[in-house]
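You will see chain A twice below: alongside chain B first, and alongside chain C after that.
Showing the complex of A and B:
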């Protein structure tokens, strides 16, 4: 039973980042790995501000804004395909390693004892982490459903389907790409700031591999959605699929650990699982 | 006096990787309801000319004016999109294939500032004019449609709100001859009924003779033949082949 609940808590906590990846990878069909860096950026900005006596609201808002700014920057690097999205993302992650270290001042900062959303929910005792993850997931879930159901969501899906035609219809495709990457990286930063509160610390290497984890979860999710959704696009199904994919991913990790897999080998095993999923279910048309 | 919908003066366009002009000193004028046929072999500049009119090719010399007062060179993509609609030979390039027919209409409708609400029953009536099968599939993804259905859908999308200038770039060339002819007939009927100004590139001498009131033939980016009115009406296939190829 523990395995089931731990996997649920982990999936809900990572969901903002997974949904950010869903927007870039599935909706506008760009592989953006920047979230590896903006996840830590969100955690670093939050940790830096909260330990300097800023309120949770300001620290959280600054973390989200920082993620959005770097989303815009990576989009500008990619501008008109001068640098491919994959390479631009890797470059940004590389630069963010230094930036995150500069923000934190050292590789690891504890925020234990400082104000946080977890602390605000401490009346729920052991369930505070789960409650925070659930509330944040619900809020982000609702916002994204509204976005995907709107005309904006339709244009973003159009962008992923046929960028040239969106341009021909008089829409500025670059602006929509910038918006999506900003939103995606803001979600990653939100996820980082929340993770820092749940774990009680920020570490410069805490984002290593989260982008791939999220892509894996999105791919698993898209397979689940195909079973139920058939031919129509239903935003709630799509997002629930991403949650399902994330849950299955974490369930696999926890089952491996439960049956005694040495944690040293975990990333190797997960990498192999991702290769299998990407080979059989991944979209080969991604930039 | 009728308004000029398209006016091209001294248009020149260089090939991106060389100093060769792929369009050289083109001058053309289309008034309202004019239907211009552009004829020419491969590499003659037909598609390049159409792509310059709708600003896909941005770096040209000379002047292109749309709807009497909109200079293509400086106009925004949105204003060009509001005045022109282009159908190309690559069917899928004109559609959002992973999205439903209804969603395609919603997206096409967004190119207008005053976009109207798309009503399902109105849409079904509209689709019936082009292909009755389409009205039964409005919530299905476009990817499940046949080539002919897709091409009918493109016409239905374009003509939901007829453009000032319709640009057809060999739009039926990827279809079987029978389907191609049928679709061209529907296209011409709507162009006539809706009083649309149109410019169409084609390889087909038959289409060139049958449709349009003006014709221009291109070779190596230059105009080598032009006819309009009665001169165009009484052209024979042999004359056309001799003049144009």
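Showing the complex of A and C:
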């Protein structure tokens, strides 16, 4: 049973980032790896502010805003396809390595003992982290369902499926792309800030590989959704699919650890699983 | 098909390994694959099995540099009722474990944890073995080897704790009239190009205890040989791989020190000192070094350090 709940806690904690990747990868169909950097950016901004006596509210808001700003920047780099999204994302991650280090002042900052949402939920003892992950996931979930169910969500889906049509309808496609990348990276930064509170520290290398993990989770999740939802786009199902994919990823990690599989082999197995899904179920239309 | 896969995966929730009721169980968590960390663990296991006579089960886990895997390991160790002691190696893992685990003792090896953070804790379940050599000792050692030294090139990464040590070293060196050229290596691939920037008037190349730079010691060694400058480091592994000399601790000794603390923790003996600092330092001398062996031995003797000559290929 522990393995099930550990996987649940980890997947709920990473969910904001996964949902951000879902927006870019599945909705507007762009592969954006910037989240590797904005995840750490969110954690770095939060850690820097909270250790300088700012409130949790201001620290979180600043972290989210920082993520959104860099989402806008990466979108501007890609403006009118001057630079491919994949390359733009990689370049941004490279630059964020320096920026994050400058913000933190050093590679690792402990925030143990400082004010945090985890501390506020400490009356729940061992369940504080799970509670925080659940509450944040629920809030973000609700907001994204509203966005996807609205006209804005329809336009975003149109942008991914048929950009030409959206343009012909008189919509500024670049503006919607900017919005989505800003939102996606804001979610990644939120995830980073929450993770810093759960782990108790921020480290400049903590974002390594999160983008690929999230893309893998989104792909696995999209296949789960296809089983239940064949024709209509139902936002709640789509987002639950992303959660399902994330949960399966962490469940596999935890089960393999539990049965004693050497983690050096674990990464190989995870990679093979993702290759199978990408080969047979991946969408080839991505930029 | 998916239904059967989920049932298969869920079935693992019913499984749990079983060990004897009286067996104590230790879970050791490492962050990455690295020889120095493996040496620490070897020293820990060897000494613990010698001094702790009761049946003991040791589970060794390596996160391979993945934070998600590391987090899963810590969570599982936390929730595993059969784990009596969690041992972490390196600072990041200890910080994560300390934040999550309050229901059992956590022992950090080769990790930094401040007195301030220890005092803030609700539950005092953290013990630490620190392997940091005071910067003043490192500099004193260098000044003893090279009394007229005026300039040092300090090659470092942006790994945790290194930044503060670099600033301390620079400040202290300046108080002795020694200029420090700092060369930051962001990633291992950058080491070669960064090493080309070593000033010609620099008299030695120095590395703190820095696993990223240690991984690329061969590159630095080549550059040092070209420039005709000695390469002074802070751990045994780098001397084995070609550095001239190092003042450090034997990695296995860190583990051994930790094993003594672990034995007390397993027997529920109160652990008064929460932060244990390694005091026994060793001078590691490369047999192929141009630095006089007799000089090094006399300095080691003067400061009460052990002397270990390392023969390399």
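As a working rule, the second predicted complex is superposed on the first by the 283 of 287 C-alpha atoms of A that agree within 3 Å, B and C clash if a C-alpha of one lies under 4 Å from a C-alpha of the other, contacts with A are read in each partner's own complex, and residues count from 1 in each chain.
Heads up, the rule we're going with is that a residue touches a chain if its C-beta (ideal position, glycine included) is under 8 Å from a C-beta of that chain, and two chains touch if they have at least 3 such contacts.
All figures in this text were calculated on a predicted structure; none of them were measured in a lab.
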Fit-or-clash call for chain B and chain C when the two complexes are aligned on chain A: fit
Contacts of A:232 with chain B and chain C, given as first, second, both or neither: first
Partner chain in contact with A:154 - chain B first, chain C second, else both or neither: first
More chain A residues in contact - chain B or chain C: C
Included angle at chain A between vectors to chain C and chain B, based on C-alpha centres and rounded to the nearest 10 degrees: 150
Closest approach of chain C to chain B (Cα atoms, Å): 25
Overlapping contact positions on chain A, where the chain C interface meets the chain B interface: none
Chain C-touching residues of chain A, taken from the complex the two chains share: 1-7, 9-10, 14, 97-98, 101, 105-108, 110, 112-113, 126, 129, 198-201, 203-204, 206, 208-209, 213, 224, 227, 248, 250-255, 257-259, 262-264, 266-267
Chain C to chain A touching residues, read off their complex: 2, 9-10, 12-13, 15, 33, 61-69, 71-73, 75-76, 78-80, 91-92, 95-96, 98-100, 103, 114, 116-117, 120-121, 158-164, 186
Chain B to chain A touching residues, read off their complex: 54, 56, 76-82, 86, 92-100, 103, 106-108, 110-111, 139-141, 144
Partner chain B, residues of chain A touching it in the complex: 151, 154-155, 157-158, 160-162, 164-172, 231-233
